[in-house]
Structures are given as C-alpha cells and as structure tokens.
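Both of the next two complexes hold chain A, though its partner changes from chain B to chain C.
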Partner chain A sequence: MMGIDLSCFSQNIKEKSSLFIQIFINGLVAGAIYALIASGFSLIYSTNKFVHFAHGTVAVWGGYLLYWFYSLLGLDFWLAAVLTIISTAIIGFLLNLLFYKPLRKRKSSSSILLIASVGLLILLESLIQIFFGNNVKTIGFVQSRTGISIAGGLITPLQIITIISAVILFIFLTWFMNKTKTGKAMRAVADNKDVAEIVGISAEKIYTWSFVVGSAIAGLAGILITLEYNLTPTMGTNLMIKGFAGAIIGGIGSVPGAIAGSFFLGLVEKFGIWFLPSGFQDAIAFIILFIFLLFKSTGLFTVKKEATK
Partner chain B sequence: MISSYFGGLLIMISIYLILALSLQLALGFCGLFNLGFVGFYAIGAYASALLALSGQPFWFCLLTAALVPTIFAYILSTATNKLKGDYLALATMGFSFVIYAVTLNWIGLTKGPLGLPGIPRPQFWGIDFNNDTNFLILSALIAILTYLILHKIASSPFGKTLEAIRDDELAAKSLGKKTATAKSLALMISAFFAGIAGCLLASYLSYIDPTSFMFVNLIPILTIVVIGGLASLPGTVFATIIIVLLPEPLRFIGLPSSLIGPGRQLLYALFLLLILLYKPKGFYGKVELE
Partner chain C sequence: MDKKEEVEEQKKTNWWLPIGLVILLVVFIGGLSWWQQNKTPKTNIKIGVIAPLTGVAALYGQGSLDMINMAVEEINKAGGIDGRNLSVVAEDGKCQADQAVIAANKLIQTDKVKFILGGHCSSETAIIAPILDKNKVFGLAGVSTAPGILDKYSYVFRTSPSSSDQSAQIAQLAYNTYNLKTIATITEQTAYAKGITDDFIKDFVALGGTIIDSEEYASGQAGFQTELTKIKAAKPDALFVSPQGQPTAIEIAKEIKTLNITGTLLGNSVFVGKTVYAQSGNALPDGTFTVAPYANLTSKNTAALISKYNAKYGKDIPYNNFFVGAAYDGVYMLKNALVKCGEDSTCVKDYFSSIKDYNGSVATFSFKSNGDADINNWYELKLVGGKEVYSKVQ
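After this line comes the complex of A and B, so read on.
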C-alpha cells in the first residue's frame, strides 16, 4: 500500500515540476519578446522623453510586412526578414519626421506628443486593418513544432532562437550605447539635452537615430512574434503596454533594465495564469505595472526619481 | 416624427457630448491625463445593464451607473495621486485595460464576449421610451443638464482651482489649495458623468459587449476634447457634433462593411493629428497642455 501511495505522490511531484519548467520556458520566451519591444521603446523614451505609444504597432507592422514579403510576394525568408527590419526602421524615421519633429519644433509639451502618439497608434492600426483585413494571419515558415525536451519541459528551436536573439540584442545594445559615437551621444542627450547640445551634439539628429534604431528592433520583435504567435491588427497596444511595463519594472530609460524587467514580467505573467483564467494574462501585466508605478516608479535598476517630478 | 436614422445620430451626439464634457473636466480643466476614462464608461454601462435586466427601475439604474464609477474613480485617484503626465496616463490606461479584461473574462457576471442583450428601455411617468423620439428627448435633456452642471462647476471657485492646478500645481498648492483633494474630486465628477453616459448607451442600444469599451473607443472622445479646445465647453459641443457626423458619409460611399470601422478610426486619428499639428489649441481653446 505504502509503495503505491508513494509512487502516486512522486508521479504528482514529477508532473508539477515539469509543469513548472514548462511555464518557466514559456515565461522566458514571452519575456524575450517583451524585452525586444521594451528595449526599443526605452531607447526612444530615454532620448525623446515622451511615451511613444505607437511603438507596439510598429512591431505589428513588422509582422505584417514579413507576411507580405514572404507569404504574398514569395521572397526568400531571410531576405524578407531583412527587408522587414529596414522597413520598420523607415516607418520609425517617417513617424518622427512627419509628426514628432514638427510638433517638437512648435515646442509642444510631452503631453501633446503623447496624445499624438495615441493618434498614430490608431492610425497605424487602422491602416493594417484596411490593407490586410481583420482576420488572423499565420506565416507558416517554421513547419516543425517538435520541441527539445529540457528537464521535462518542451522548447521549440524557434523559442530558443527568440531567447538567443534577445540576448544578442542585449549585448549589441550595450556595446552600441557604450562604445559607438552615436550611442554615447544618445546617452548624453538622454542625460541632459542642453549640455549635450552645448558640446555640439545635434539633439534632433539623435532623436531621429533613436527612432530608427528603436523601430528596427521593433521590426525584429515583429518577426519573432509572427513566427511564434498569430498576427492580429490590434495586438500593438497590448505589446506596447507589455514593453512599457517591462521598461518601468526595470527602470525607465535604462535599456539593460528594460530587458531584465521584461523577462521578469514574462515570467510573472505565465506563472500568474497557473492560478488565474488565461484571459486575465494581460490584466496581470497591468496590475504589475500599476504596483510598480505606485510603489517603485523608479524601477528596479535606476536611482533617479522620475514619475512624480 | 424624426426619422430613426437622424434620431439615432442625435442620441449618439447626446451620449458623446456627456462623455466629452466629463473628459473635458478632468483633462481640459484639471490637466489630468486620464486614459482610463473608457473604464468608467464601461462600469456605468455594465452596472446599469445588469440592474435593468434584473428589473430595477430606471432612476435606480441611472443613479448606480453614476455612483459606482465615482467610487472607482475615488480609489483610482487615491492610488495615482502622486503620478504625473506620462506615468498617470499609463497607470489610468492600465485601469481601463483591467476593466476591459474583467468584462471579457468574468463570464458569470458579464457573459464575456457574448455581451448582455435585451436591456430594457426606461419607462416612467407613463412615458414609453421604447419610442426613439422620447428617448432622444430624455438623453438630450440629460446632456443639457450635464452641460449646465459642468458649466456651473467650471465657473465656480472650485473650477478656477482646477485650472490653477493644470497651469501650475506647485503654485496652487503654495496658495493653500488642497490640490490632491481637488484632483480627486475632478476625476470623480468626470467618472460620475461617464457612468451616466454608459447607462444611456446601454439602454439605447439594448445590448452591450466588451468591444464598446476597448481602449480605441477613447479616440473619438479625446479627439472631441482636443478639437473643441481644452477647457472650452461651447467648443466641446461644436466638436462633438462634427466628430459624430464626420464618419457618417463613409456609410454612403459604398465602402465594404469591413472597412467602415477602420475607416472611421483612420479618420479620427488623422483629424486628431492634423489638429495637433496645425491648430493645437483646438477651435475654441484658450490653453495648450503643459
């Protein structure tokens, strides 16, 4: 009798632990995607100092462009991916040039820029609906869904690629911000725009650069989202909130912090739906965002006080 | 008799007027970046719909629809009182997303994506509001009453305090104004009227589902406030009429029905951006957002 009971018990433990590992993996994958959104967002926020709401939708545009290049035009996948990243960088460039730059020229406050970015979010979203329709799109590049088993949890090659991309991006961004001239200038503008301009850095140029680089990263995120999940036109707002929540948790304006915060968010979210109905997954992100805004608005990795300034 | 099409448009103008006026109080007068506004609208609509479906009289539904969002606004404002600008916008936006997630997922209460059908129209004093003309008169009266009340508030010392907070909170504080209380009150009054608009929407359409309360639905209201001009009540009336009527031609140019929704949004977004770029104070506004 004892033996049977024990084996049942250990069976149960084994199931629990493999479920735990599986959720952990799912959390890491979600976190990697949020990190890609959050790092681009954080890059733009740190220099421009306003919330670029349309950032998530730029990533969704990336997904739809990949669908267009690869599934509709039939281009080679890697060519399509590169074209997608270039296109989103151009979208970012144009958004800045056509809307944000004239607004800045008129010395609009960051509140006005925020309203404008909400307008842009809706503009980009409705353009997707008009061009591609409302139905869900899948791209079907990765045929095999067979996963590799790690300690009882399954992970697909694509998911490994997603996590690796986030890590590589993290290394690249750290190098870019610390070693290149543009990266250093970006940090200077983020820190103090007026002083940066005195030493001859053109703030306007840096704003453009951060939009281009940030949107290119959003394009990469869009590609990975399209491969991992399905595409819907309205997913951008949600992505943007996840990215923002990640950035807030990590400490806004700090790109490494944003990446760490995003992984944290992905994990909490996936473990959250262990207990809650899965429909509440998005609500979990907002609740975490809320808690951090209220009690630790500086995030985990920065010391500056920003939220109530 | 007014034809039902124009009657419907006028009812929507009344509902949007109430919404825009109440957002105007929080955003235009007090400078509170409340992106969670649609959440209050949703709470009001669901509260009144659930009560009406359980057979409660209209006045009770209307009162509850106004008071429940007010309580939520009190809680939200207490929680977010220290936040400013972008952060307040994001926190309140989070609030509206949580409310949306609840309406979508609390199936037991809200029936989730199926929505609540068969919400009865009000009936009192022997008047049957199933008649659209009668319902139009009711909603127009409520909209006018809202305008008068908000006008009264705006021109009262309290309204001046709100404007002082918007322009310079620190200065208002140093003059001894209780800015935290005033901001909280502004948000509560704003939620109160948003709830009333929600109640009217629920009983007018006799059906509500979560899609009416997605974040996107903030755009027309926000556009009205920006176009009308911050802190301008007559401007809001003018802008409401324009914004409700603006996408109507889309119905008649033979656009496929799947394009009407996105087309309408595109129009609102473009209009909002053009106003911000070329006429940032709106048509009647006196101030620009700090």
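After this line comes the complex of A and C, so read on.
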C-alpha cells in the first residue's frame, strides 16, 4: 500500500517538475521574442529620446519582406533573410530621414514625435494590407514538428535558435555600446546631446545610426517571429506593447537591460498563468509594468548614477 | 520696412497658412460628404454592409462582401427592383465592437440606409443589433453564431444558426459517437468563440462528460504554449479549440504538435479545416472533427454558386461555403422583400418573419421567432490526410 503511495508521489513530483521545466522553456521563448523587439526599440529610444511606436510594425514588415523574397520570389532562404535585414535597416533609415528628421528640425517635442510614430504605425500596417492583403501568411521553411525533450520539457530547434539569438544580441549590443566608436558616441548622445555635439559628435548621424541598427534588429526579430508564429498585418502593435514593457522593466534606454527585462517579463507572464487563468497573461504584463513605473521607473538595470541624473 | 514691421508682417502672413488649411479641410470634407451622398442616383436603393474587411476575420468578411456584390450585380442586370438598382455601401467593422458601432452610425446617419447586411462576425452583430432596432433599420447578419444576440431585437435577423445548435451537435458526437469522456478547452475571448465553447461545455456536461481544464486567451495574443502545457498536464481524452480567426487557429495547431499533445482534437468551424491543416504544416492529426453547417455539395444550386464565384473572382470560396454563400442568399431574400414592401423596413422585417423554406443556393432557410436561421445543413467535418470528409448529421 505504502509502495503504491510512494510511486504515486514520485510520479506526481516528476509530472510537476516536467511542467515547471516546460513553463520555464515557454517563458524563455516568449522572453526571447519580446527581447528581439525591445532591444531595437530601446536602442532607438536611448539616443532619440522618444517612443518609436512604429518599431513593432517595422519587425512585421521584416516578416512580410521575408515572405516576399522567399515564398513569392523563390530566393534562397538565407539570401532572403539577409535581404530582409538590409531592407528593414533601409526602412528605419527612411523613416528617420522622411518623418522624424524634419520634425526634429522644427524642434518638435517628444510627444509630437510619439504621435507621429503612432501615425507611422498605422501607415505601415495599411501598406502591408494594400501590398500583401489581410489573410494570414505562413512561411513553410521550418516544418512544424514535435519538440526536442530537455529535462522533461519540449522545445523546437527554432525556439532554441530564437533564445540563442536574443542572448547573442545581448552580448553583441553590450560590446557594441561599450567598445565601438559608434556605440560610445551613441551613449554620449544618450547621456547629453549638447555636450556630445561640443566634442564633435554629430547627433543627427547618431540618430540615423540608431534607426538603422535598431531597424536591422527588428528585421532579425521579424524573421524569427514569422517562422515561430504566422504573419498578420496588425501583429506589430501587440509585439510593440510587450517589447515596450520589457524595455521599461529592464530600464528604458539601457539596451542590454531591455533584453534582460524582456526575459524577466516572459518568465513572470508564463509562471503567472500557471496559477492564474490564462486570460490574465496580458494583465500580468501590465501589472508588472505599472509596478515598475510606480516604484522603480529606472528599471532593473539602469545604474544608480545615471538614474539620479 | 524696419525689423519690427517685418516681424509684424511675418506674424500676419503666418496666420493665413492655418486659416487656409482649415478652409481647405472644411471644403474637402464637405465636398466628400456631398459626393458620398449624391454619387448614388436618387432612384437607387442603398444597402449597407458591415463586415470585417480587415483584421483576423477578413477572410470571411471579404468573402461575404464578394458574395453580396455578385448578387447585387445580378439583380441590377436583371432590372433591379421595379427598375431601381441596388447600390452597396460597405463599411469595415473589423470584427470589433467599437468599429462596428462607428460603421452602423455612419450608414444610418450619413448614408441614410434602411437595410444593413451585417455584421459578419458575432462581435459586430451583437453590438449593432440594438442600434438597428432603435432606428428601425432592417438588419440581416451573417457569419454570426453567438447565442442569444438577437433575442431582444425584432428588426435584426441572421442567416446563421445559433452556435447553441452547433455545440449541441458537437457534444453529442464527442460523447456518444467518439466516447470522449474528459475534455479540455482553449478559447479566444470573443462573442463567437466564447459563446460556442460555453454552450459546448454546458451540453457536454449535461451528457455526463467532464471538463477538466478550461483556458482562455485575449485576442491578439501570440504564443499559447503555457495554456497548452497546462492542458497536457491535465491529460484529457480530447481538446476543444475555439479561436476567432485563422491566424491563432494555425498557431495553436502548430503548438499542439510541438508539445506532442496526443488526444483527439475537435473545435469550432474556424479551427477544423484544410486551410489550418495546410498552413500549420499538417499539424492537425487525422480524426480532428467539428460539426457545422455546410452547403450541400451535391445540390445543383450550390454547385452553380461555387462556379459563379470561381468565374467572377478567380478563386475558391475562401471559407466555409455555407456561411459565406449565405450572404448571397441573403441578398436575394432581401430583394424579394423589397419587391413586396418597397423601402418600408417594418414591412421587410415582417416579411422575413414569414419566410418558410426559402430554397437558397446553400441551404433552405426559415427563421425562428428570435431572428436566428433555422436550417438543416448540419455536417460532421473530419480531417483525413488533410482532406475534408463530410457526413450529414441527422
């Protein structure tokens, strides 16, 4: 009798730990996707100091461009992926050149730029609807399959690539911001634009660079999101909201912080709905966002000195 | 001119730009509104349409609008209603309550329509029904199956049966035919998707079955692995999936495969079909089933409609042929009502109450006292090797 009870108990423990591992994996995957959006967004915010809400839709454009290059034009997948990243970088460059730069010249405030970015979000979504239609698009490069078992949890190779990409991005952006000339110039402009200009850094050049690099990252995000999910014209808004929340949690303006904050958000969301009804998933994200805005608006990873400034 | 005068002059000039822009804007909006109201010859009868032309439900919204346009074109070609043509004014309800309200108010207040074909999605229909009823505008909704949404409104009918009828059929098949005793559900929080799940749960439990987990998600959510992980841990005999649109249906199907959930799959009409099967990379296993109204494929009327649609639009009917094709039949029923009543919307709604066994292209229509379609086109749809296999449910 006792033996039966023990085996039931051990079976129960095994099932619970498998469930824990699976939810942990789910949280990492969700966090990685949020991080891919948050990192580019945060990079643009750190220098430009306004919320570029159209960033999520630039990532969606990345997905649709991949669909165009790979599924419609029949190019090799890897060539299509490279062209996608280059194209989104060009989209970022053009958005800055045609819309934000003229507004900055007119000394428009951050709120005007924010409204312009919402307008651009709607414009970019509408253009997707005009060029590609409203129907869901899928790219069959990665066949759906049962995941690989890791400690009782299942994960697909694509999801592993997505997590690794976010981690590499974290390392790359930390290196880029701290070790390269452009990265240091970005940090200088982010800290104090006027002082940076006095020492010979062109703020306009840095604004352009941050749009180009941030949008290229959005292109990468678009590729991975398209392969993991499907494409619909309006999916950018939701992606942007989660990316924005991740960036706030990590410390708005801190690019590596945005990535770490996104992983934190993904994990809390997924573990939260283990216990709560799953309809609360978005509510959890917003509750965390409000907690950070109210009690730690500088986020998890902004150094104290900068916060005081 | 000294500097002070120059500045004063500049100030004066600067005022002209915003004033000019405002005047231009007023003239533009006024002209547009005048053109909107007058582009339709006074002799035409305006028919408003509210359907999701963009967003998650665009597939069946656009399909329904195509059907409406095709029927209107045929009617006009054949001489219209006593020599008066029908003209369609279509608005995008996006399958969202707020957008549908804007569309209904615009059609009623600005375009002065007395007849609206729509909504074409439960979220649209549920919210506009009271507006139409209050304004005595006749409404004929399509692809709207959420239960009870028309019960209080006498001016609004629908070509779809209530999902209560559908869920009862699915529950019967699941419990009695397939011997499924424990089921988990995953549902989008919309009027249609939640309506059918709630009714299914009620019917399945009444038969003696057990619902061992019930997960819900908000529209627009991406990624359902945690909900599905919880369901997998609960070990149900089967999983009932009820999404609103195909993007989420495809995603859920893929994730079910990723997580290796092996029980029987069943769901609403959005989830079960060859499009979701193909676009999810064949993720739906053999035996995935639903019960839904479908057009009778052996009927001559249905075959004629399908071939007309193919010829006109160069593609297949994009969604369940009953739901989309019913929009075509709806126009012809409205035409008959207009022939009898003219533009008297009260007379038109009384006419619809009296329709019995109208032999349409996709079904034989009668209407229940609450405005719901009363049809007998119930089929079990089962996927076998990615193909749709239909069998009539008695």
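Convention: the second predicted complex is superposed on the first by the 295 of 309 C-alpha atoms of A that agree within 3 Å, B and C clash if a C-alpha of one lies under 4 Å from a C-alpha of the other, contacts with A are read in each partner's own complex, and residues count from 1 in each chain.
We take it that contacts are C-beta pairs under 8 Å (C-beta built on N, C-alpha and C of every residue); 3 or more make two chains touch, one makes a residue touch a chain.
Given the structure is predicted, the values throughout are model-derived calculations rather than measurements.
Enquirer: If chain A is used to align the two complexes, do chain B and chain C fit next to each other or clash?
Expert: With chain A as the common anchor, chain B and chain C collide in the superposed model.
Enquirer: Could you look at A:S202 and tell me whether it touches chain B, chain C, both or neither (first, second, both, neither)?
Expert: So A:S202 meets neither chain B nor chain C here.
Enquirer: Would you check which partner chain A:D282 touches, where first means chain B only, second means chain C only, and both and neither mean what they say?
Expert: A:D282 sits against chain B and chain C alike.
Enquirer: For A:N192, select first, second, both or neither according to whether it touches chain B, chain C, the two together, or no partner.
Expert: Touch partners of A:N192: none, neither chain B nor chain C.
Enquirer: Where does A:I33 make contact in the superposed view: on chain B (first), on chain C (second), on both, or on neither?
Expert: In the superposition, A:I33 contacts chain C only.
Enquirer: By the touch definition at the top of the document, which applies to A:T232: first (chain B), second (chain C), both, or neither?
Expert: A:T232 sits against chain C, while chain B stays out of touch.
Enquirer: So, A:N178: does it touch chain B (first), chain C (second), both, or neither?
Expert: After superposing on A, A:N178 lies clear of both chain B and chain C.
Enquirer: Once the structures are superposed on A, label A:F290 by its partner contacts, choosing first (chain B), second (chain C), both or neither.
Expert: After superposing on A, A:F290 lies in contact with chain B but is clear of chain C.
Enquirer: Is A:W274 touching the first partner chain B, the second partner chain C, both, or neither of them?
Expert: After superposing on A, A:W274 lies in contact with chain C but is clear of chain B.
Enquirer: What is the contact status of A:Q129 with respect to chain B (first) and chain C (second): first, second, both, or neither?
Expert: Both partners, chain B and chain C.
Enquirer: When you line up both complexes on chain A, which piece of chain C, out of 4-12, 40-48 or 184-192, runs into chain B?
Expert: 184-192
Enquirer: Which parts of chain A are touched by chain B and by chain C alike?
Expert: 129, 134, 234, 237, 277, 279, 282
Enquirer: Could you pull out which chain B residues touch chain A in their complex?
Expert: Of all residues in chain B, those touching chain A are 31, 33, 35, 79-80, 82-87, 89-91, 93-95, 97-98, 101-102, 104-105, 215-216, 218-219, 222-223, 226, 258-259, 261-263, 265-266, 268-270, 272-273, 276-277, 280, 288-290.
Enquirer: What residues on chain C touch chain A, complex-wise?
Expert: Residues in contact with chain A: 53-56, 58-59, 62, 189, 215-218, 220-223, 225-227, 229-230, 233, 245-247, 250-251, 253-254, 257-260, 279-283, 318.
Enquirer: State the interface residues of chain A toward chain B in the complex, per the touch definition above.
Expert: On the chain A side, the touching residues are 50-51, 99, 102-103, 106, 108-112, 114-116, 118-120, 122-123, 125-127, 129-130, 133-134, 234, 237, 241, 244, 248, 277, 279-280, 282-283, 286-287, 289-290, 293-294, 297, 306-309.
Enquirer: Can you tell me which positions in chain A touch chain C when the two form their complex?
Expert: Touch list, chain A to chain C: 15, 18-19, 22-23, 25-27, 29-30, 33, 129, 134-136, 138, 140, 143-147, 154, 156, 225, 228-230, 232-235, 237-239, 270, 273-274, 277-279, 281-282.
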